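Both of the next two complexes hold chain A, though its partner changes from chain B to chain C.
On to the complex of A and B.
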């Protein structure tokens, strides 16, 4: 048996408990370090900022007045859409890429190969979550900052689109380690993303959505779980079936958990 | 042989061309060619590969003693991991380790003070010259004119305390230390056992915002929800802590002290509670008179019923905790507030709060409080141990004069506002560069801060035998001892201050109150030197070089302000210019909330010149007991 003979059964997904998130920002730091984010003197032009994870501070003050207000943080990264049919994933960004720089792996991860990207930005336009960012400038790693670059993630250059890949290079590292130990079943390989392992509050849970016993699968079925701006989730199963016939929905694999109604409404762009 | 006519020739030629094109397309060559072209034009940098391995290390200079596991690629550290919770600064420590603006060797002033002109010197020259200055002072009976300002309670701070004490001075100060302030008031500081608590009442302590530099409290809030531990937060801004609490008491700005006093007065009266203290009856009479439920309600904006309900809940709880120290990583509290909160813990009979001392950090300077030292202290030689008081403290103008007139030695890895005034800068080593297994930056001639202090002591005559073991053998002293129940209040001063808190508005023209708030990772300003921290700052704080302050919708209307208006904020102590308005109802009416940690004037090119430093216009009036300024709710106006 070789590694290639084994069919991948995993379907990686993530659950983020917004009620536990304090907004400490450690997930964002770990992500930047792990994925060789470019360094700039001023990073305050946020639409042009290159980072995979955006730590969004949200509040309900548009609809509520002091003191009936609340604040929360939403760590937002690529939502790993799979489209209407999880067995035949079709994220909005993949079908528009003219050079196959982005694709869906057999583990459900929407991949992106920076060096293959020609910078047309179609995928950025197609992404419903603004999870893709464009390198407007050549990434600079001044002087000794270069020493901290992770060799497992290629450095993106100017004119390319980059995005979160669920740290799939860590999976590859873990797979190589397993193979070196003679374990050839790739389904035995598990891993932790950089953001998950950095979260001091256990607010980020990553795992296999296909495994009903996994924590992430259980959390995804929780009453507190919902997906970002995926309005179809609010409908009955029958209505969902009808809707899928006429429209393509993103159907992401990142679940947000909250018991706060205002936050649920906000995640679905509804007034509260 | 058939003669090939023109038509056949064209057919064969056409077929060959079509075949060639077809073959070229099907071979994938255009695809690979395009990819090669793309890669060639991209000019990609490829980081060198190396053997991946992990080393474990402990940051002894972090107040939490964070334990990290560093991933190395060859001899390069590429990622900080950990099996335990670690603080954001340790998480981001590679950006300090490899910071291009690190000071690489000892520096001596080479020009006018504060001019920023330095020349490189050797370690031996630095130790020799500094110890000469110390010997001169101790020899002339001026040992008390030696002072040190520590950043926080860390190993190097502990060694600095020992060194300065042995040299004959007690002038050790900390930048905003809850423990130092509480020790000045109570003779010890409150140690909270949050695992034991079944009710937590916080008076502005922003527990989710890295309060007291602790790293475990975010998780604790989650556990409180599971254990049904009630958590009530009083604050005049809807912080994340306030949103995570079971109940948020939206007090008027600076109403926290009045709330604590009001609850104490109610519990003493209604539950007939008493404390054996010589000043208690006099003090109780005063607060009963001044902080009745109706008066407290008026001062705090919280309805009487809610105050009564909160007090009753607090009293009924088995092990309640009242938390003192407003703010996140940098806390502030007046002596009155500390006393009131301690009194609440005392009368509740809780087992979750104890008054302790850490013998490694006696917190017993000649006069307590760094602001006290800035105002009246006399020093001819000042150590700045990883601290930057010129940026972080109110009253920077007076401090800069002090630094100009004294010999200043700064222990710092990078240049900052205070180090600019130094006569000697001793660059500290990163904790990953020490120990058996270490990451080395061979081009840097830097040393561990513990080693610097122990080596310096051997050069000074009076302290030559102080540190007998090598620097690496020292560990942070964490053993605490009971400080006893020392409830007391110096009444003559406090009577005035008790009534004083009822009206701190001062000049009527300053019609708004300015409060600070914390930004993730930026903390108290330390984070601004690191580019990965800049990537997490939200658009509501700093957007396209515009620095935003939060103002309530009604207040903005009253002040005729629109979103994105550029304003100047003015207090009795100065002006902050070029602030932009963000209208939001997460702050109370009458409040201007300004982010902490911005406005560095010298802190690497990443941190310099971004936003404004709130400390420039904060309250400078120092508390009579703690000697620190209670800089919360500074009266301001929009200029």
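On to the complex of A and C.
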């Protein structure tokens, strides 16, 4: 088998079941630990905090009284936008980067290389989901905490943008393992992200969207599925084609599943 | 000569050599030029006499495909027994080496010339298993590390690998050149 024949057919995506999510925060914790996130004195200071995955708490109405009040938790990370054409992905953050620090991989994952980043924060502005975070300070680890860092993820320096990359270092590790076992086709490599492994309710499901047999591909076509603030999803297919000609849509690869109408409306910025 | 010119040139002459020394030290520090080699090892001797067949005998892999890198003293003592004979007429017998006894079995008395920075994920296993359609290996150890098999001493043969070297190979061999293939 020559390398020319082997092409990456994967298109990694994620489905998050908001009906199952209890807001325990295990995913966020696992993500921070896996990706060597720095610890600051006050982590409730959201604009200064460095965290790939944010657990947002939303309610239907701020002034609602007991029987009517409804709450949901939304784990929000990089949504891995692919633009209008999945075969030629063009996320909003990639086109604005002046130094090619962020790029779309063959598997559709938007990568971010901090050593190339110059800290202009254009991508942070361009991101429709505020999924990118800026390292305002040098990461500090107290005491012996430095010994427990993940050796596979490099610690980003001050003045660079970091973001979720669907734990691409785990994919590299699994690729090594597959080669050691004798599987030479790159499409045999499968892996689990840290947040998926940590979720006690199996609310987070990660997999290949191109494979119609996979759980993610099935869930993404279900009626409960919707994408965060992607207005094009609500229209009919003919209207979608017209809209794509006119405007550039982000089309994220992270699907949220919910059966509650108020939450669906809220995620699409519609009024109740 | 004018006084102002002297004021300019004298500090320049004094400071320049120092700045050169500092920058050279800094460069060799980054390039791992001064990697410590506490124990003498002759690659050529071991490979020439057929004692070691290939590089993987000492620089092998773990079962999950990770590269072991520089071996421990245990690899030496497997042949050079700590209580073995000091002299022998048979050239095939591995003699006892007193200088090994300074180290424990788990020690690694050698520093590395070819250590990649933290943000690079380089997999020896993946690169070394890549083959052309006719079965030839795409990369050999020597392509990146130089002719280490013929080296008599612990000197650096080839400097640090730069990213361009990786990119050139990936381009010519039609392997993906996306950032996330190597970086994280």
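By definition in this document, the second predicted complex is superposed on the first by the 262 of 272 C-alpha atoms of A that agree within 3 Å, B and C clash if a C-alpha of one lies under 4 Å from a C-alpha of the other, contacts with A are read in each partner's own complex, and residues count from 1 in each chain.
Rule of thumb we're sticking to: a residue touches a chain if its C-beta (ideal position, glycine included) is under 8 Å from a C-beta of that chain, and two chains touch if they have at least 3 such contacts.
Predicted, not measured: the structure shown is a model, and the values here were computed from it.
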Fit-or-clash call for chain B and chain C when the two complexes are aligned on chain A: fit
Which partner, chain B or chain C, touches more chain A residues: B
Touching partner for A:111 - first (chain B), second (chain C), both, neither: second
First (chain B), second (chain C), both or neither touched by A:9: neither
Chain B versus chain C as contact partner of A:154, first or second or both or neither: both
Partner chain in contact with A:222 - chain B first, chain C second, else both or neither: neither
First (chain B), second (chain C), both or neither touched by A:99: first
Centroid geometry (CA): angle chain B/chain A/chain C, rounded to a multiple of 10 degrees: 100
Which of chain B and chain C A:125 touches, first, second, both or neither: neither
First (chain B), second (chain C), both or neither touched by A:172: second
Which superposed partner A:184 touches (first chain B, second chain C, both, neither): second
Nearest Cα pair across chain B and chain C, whole Å: 5
Chain A residues contacted in one complex by chain B, in the other by chain C: 115-116, 154-155, 173
For the chain A and chain B complex, residues of the former touching the latter: 19-20, 22-26, 28-30, 32-34, 36-37, 39-46, 49, 51, 55-57, 59, 61, 64-67, 69-73, 99, 115-118, 138-139, 141-151, 154-160, 173, 194, 197-198, 200-202
Footprint of chain A on chain C - complex, ascending: 61, 63-66, 117-119, 121, 123, 125-126, 129-130, 132-133, 173-176, 178-181, 183-184
Chain A partner contacts - residues on chain B that touch it in the complex: 34-35, 38-39, 41-50, 52, 73, 76-81, 85-86, 88, 91-92, 94-95, 97-100, 102, 208-210, 215-216, 218-219, 221-222, 225, 238-240, 242-244, 248, 250, 441, 520-521, 531-540, 542-546, 552-553, 584-589, 605-606, 610
Residue ranges of chain A in contact with chain C within the complex: 1-4, 8, 100, 103-106, 109, 111, 113-116, 152-155, 165, 168-169, 172-173, 175-177, 179-180, 184
